[in-house]
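In what follows, subunit A forms one complex with subunit B and a second complex with subunit C.
Presenting the complex of A and B:
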């Protein structure tokens, strides 16, 4: 009994210790970078932290940056849980945003129903966009990295084409038509909306699916030990399909969050500038969050804090914005390392 | 213990996604902020927007700072974010360049008569084509937003005006370009970007290949791509000056590649920023905003609330020094070589290029400018899709 408790405690404490060490390494490397360019790293980090989490408006903004990443992190995480390297969140997220723009911007519906319908349609469209990669994998064994990268580009140009033509707003060529008032999630403050609750509930639902249902058990079993899964009669095709569909729903939700739940534009910019990289950033967030949807929530908040707080390093301490990006990148890489090492080790063992 | 120094008042300049280092639109905004800060004993703080999601938090960061007396948004793309933040911070003063935000007591929208300046460089380009026997002139534009329609139609209209001027002056149609059908004389490309320099290069290269004598840069940083295309044409042929030329925008860009930049359509974003700051410092900001319903238009020979302020002009040799300094600043900022040669050499080359073009070309431009001064409605103002379509039907 005693050893079991201490094992559980160790299992709980170990990842936290690892993350703490990783954060420290990232911060120290970033500090050396700043020192090399003649900036005061302590003041810069203090400005970043105070800016991101030191005031109500800072917290609201950091959470607004975090919201889409919580969802795209799920896409990558459920992939890894099924031993897939699904990097298709980017494209699926574009498609979700497009669907949200179409349903939110062109269809009239009552206020309470509109955002829900638009969100569900966006999620389903994200999942649909994930299907080709899933089917290619299960039928023909096409590696998901290849298929999802291709689908990302197809989505990029497809969405770009549609929002610049059929769903362009006359006189505002820099963006598509915005979601109408009835389709928008209520604003909590700054650019944060009630969409964050939808995303958090979704992450919890995925957690329950993965650890409390037969489908989730099968998915994790196939991911952990494909040989054992085969003997246990688990269907790897079904696990792969489930992983892609859940990932697609998540990415579609992330896309919807930027259209139905992010002022002031409430739509997609013609350059897709307000969507770009949210899918890829989700990979880093998932790794920091140990490929767990709940871990992803906290990792996304951390990441959102970097995204929002970074500007204060520039504003208060004068650190060049390019250097801020570099420092944030170093911190994210350092934080992802424990999980990356774990994935590599697991692959080697199997 | 010495008491801490009194907090310095600040002006905040927020860029759109074009960012710093474009040597045109955004850099002009920062130049104005810098000059105003020096003149009025303020500190300028910069906030660079890396994506559209940064617009609101950047503006809000500045608005929340008690020491900031004015927050300037550089660019139309910040419009929605500006309305959002200015509504939530009614006690703070804001200005937006190119954005149309009327009837808010704390927002000054600073707009420019780009169509008039574009008409003048369009006339210059068309007459240079006539002089060198080229069949086309070109223009490379960024994202198709209404501000850019003004450039596009103004440029086309100016070219048309110039070819009519030529016919009246010399009693015969201009050589070569007048033989090109009216709707095909101006090659124009919307690249859909203000940041992807490669797209500017590709568009300019295609236009030069189609015999365009000059390509007008209406896409900020993409001008560097235009320059690359022109240089790539010139180097193997051993050319030391145009044609082909490119035409600068926003700043005086003649120094970037002296001899190959015909002229620049200067949109004095710096003066707009300076002007707004001055009004805040003098306590007149809200009054001027109220008097003008929030919209201030700067152009050729314009006045605002009785104050003379020119916002549009075509570059001359005389104002080159001021902008060579901009290159020097950029060198300090990036640590990279920006100036192509020494300032004296730049001036000598620009001067040589200008004098190699016959004086009647420059006279025509001057004539158009004075015509614009005496008739403010001479150049068509293309602010809506209808007007743009109407002019595209006539001029291509």
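Presenting the complex of A and C:
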């Protein structure tokens, strides 16, 4: 009994240490990028972590940054579980945010119902935007990396068009119509709203779907072993479709979270500045979180801290906050080489 | 045969579009000029990726290479006060990224798609970071005009036609890549490394070295394309300069079934559609009806449509995307 518990513990801890090693590699390479341009990495990282987790307001902001990333991480993670590289969270999230703006900003509804309806519509629109990629994959075998990227760009221009023409706020050209008061999620503190609970519940729901239902089992079987899945009578088309739809719902939720659950704007900026890269950041978050929706929650909090802390790095040391995205990319590259990480870990242990 | 068929289709579409456009009162050669400019980075990256994938490694990080080399190409050009140096060092930078990527894939046994996406995500941050760190200005940098590479100009009939030397290089490179793959011993080894790496290993040739070499060449060509965009086309660099072009190049490769000459044709179709879209949109009578935003979508729509129309019946190397492990 004792060894079994310790084995399970080891199986739980191993991937966490792998993620930790990859994160360390990312931060070290980031430090070299700072040194290359004459910045002081120690001061920058100190400012970053103090800003992100050093105070209550910092923690609240970091959680607010983490909220959409938890959802977009689910998009990528559900894809990987079905052996797909669904990198369309970005575009699906734009569409979700647009739907949330339209429902939340132009339709009048009672206070309790409004945010729920707006969120559901946003999620469904996100899923709708994921469908073409799913159908192209099952029908014509078009690789999802290419199709989802094309859909991302089409979504970018489509949403930009609509929010600058039909849904622009009169007199304030820099943004779309904000969600009305009845459509907003209650604020917890800072820019953190109750939206974070919705997203966490969604992540738990996806976990249950993946590990406790027949649909989820089929999805993971197709992802793990397509040959065995075929002999077991699992439908790979259905698994692909499920994966894309769940991913689209998640991305739509991420978009809604930026509109219905993010003060002070409660809307989309005309440049899409408050949405850009949330989908791509979700890829790194999903990988750090071991492609598990629950792991993604913790990875998102960590990454939300980097994203929020990055602003302090910029104020205090002058390092452009975009470096955080570069560090995320390096973490992803490190995580793509699990064997190398394992070797590093073994050396440190022995 | 398939290649000839697609060349004919490309030619017919091009001529038809040019005819329709000239009826509407546009200069058809201007369209070809813009189309060739837009084609060049796509073609360079696509040909590089063809070589890359023939040897068995997929690099989906060309978007990232475009972005990084576009910024650094301008940086080198300003340091050495020469657009040509910028172009060449941009290619060298791309080759270096390809080298790192190749080593990660071969010796790190990386999941290639994830590593490539990591490269893209890194570039999303590194591009703006470099813009800020080098020129202390967010998101955009316009360099002195004299660094721009001047196109080659000549007369056709009574109109001037200008074409960038890099475009000619891209076409030559596509032909050379085809000859390399199908007419040389190295070409057989490259294709074998993708199709049957065990056989290459048994023949005493290092599979890893072949793959890394192709990654370097692929990266260098993408890097040349990346540096081309600001230095011979746009005249400045912005943080969204790659705008999905790395993935459009990837689509061209998939469409071409890893044939460099077909990839060139695909790159031309994609580039030409971008050229047409941008020429049409700024014209009076059209810009009032079709919003600018929809024209921006055109290249991505065309890419999706062509992928839908042309996929299937293609053979990709059997060991594509799989790290080679000696048993």
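Please note the rule applied: the second predicted complex is superposed on the first by the 285 of 350 C-alpha atoms of A that agree within 3 Å, B and C clash if a C-alpha of one lies under 4 Å from a C-alpha of the other, contacts with A are read in each partner's own complex, and residues count from 1 in each chain.
One rule holds in what follows: a residue touches a chain if its C-beta (ideal position, glycine included) is under 8 Å from a C-beta of that chain, and two chains touch if they have at least 3 such contacts.
Just so we're clear, the structure is a prediction, and the values are computed from it rather than from any experiment.
Colleague: Just checking: does A:312 make contact with subunit B only, subunit C only, both, or neither of them? Give me first, second, both or neither.
Modeller: A:312: touches subunit B, not subunit C.
Colleague: Tell me which partner touches more residues of subunit A in the superposed arrangement, subunit B or subunit C.
Modeller: Touched residues of subunit A are more numerous for C.
Colleague: Classify the contacts of A:226 with the two partner chains as first (subunit B alone), second (subunit C alone), both, or neither.
Modeller: neither
Colleague: Looking at A:65, would you say it contacts subunit B, subunit C, both, or neither? Reply first, second, both or neither.
Modeller: A:65: touches subunit B, not subunit C.
Colleague: Does the superposition put A:51 against subunit B (first), subunit C (second), both, or neither?
Modeller: After superposition on chain A, A:51 lies in contact with subunit B alone.
Colleague: Would you sort A:15 into first (subunit B), second (subunit C), both or neither based on which partner it touches?
Modeller: Neither subunit B nor subunit C is touched by A:15.
Colleague: Give one of first, second, both or neither to describe whether A:325 is in contact with subunit B, with subunit C, with both, or with none.
Modeller: Once the two structures are laid over each other on A, A:325 reaches both partners.
Colleague: Figure out whether A:265 sits in contact with subunit B (first) or subunit C (second), or with both, or with neither.
Modeller: In the superposition, A:265 contacts subunit B only.
Colleague: Does any part of subunit A touch subunit B in one structure and subunit C in the other, and if so which residues?
Modeller: On subunit A, the overlap between the subunit B and subunit C contacts is residues 164, 325.
Colleague: Given the complex with subunit A, which residues does subunit B contribute to the contact?
Modeller: These residues of subunit B touch subunit A: 17, 19, 45-48, 50-58, 60-62, 64-65, 76-77, 80-81, 83-84, 143-146, 192-193, 384-385.
Colleague: Write out the stretch or stretches of subunit A touching subunit C in their complex.
Modeller: Per the stated touch rule, the residues are 33, 37, 85, 87, 132, 136, 140-143, 145-147, 149-154, 157-158, 160-161, 164-165, 277, 280-281, 283-284, 287, 320, 322-337, 339-340.
Colleague: Considering the complex alone, what residue numbers of subunit C touch subunit A?
Modeller: 60, 63-64, 104, 108-115, 117-129, 132-134, 138, 243-244, 247-248, 250-251, 254, 291, 293-294, 296-297, 300-301, 303-304, 307-308, 311-312
Colleague: Under the definition above, what is the set of subunit A residues touching subunit B in their complex?
Modeller: Listed in rising order, the residues of subunit A that touch subunit B are 51, 55, 57, 61, 65, 164, 170-174, 190-191, 262-265, 269-271, 273-274, 276, 308, 311-312, 314-315, 321, 325.
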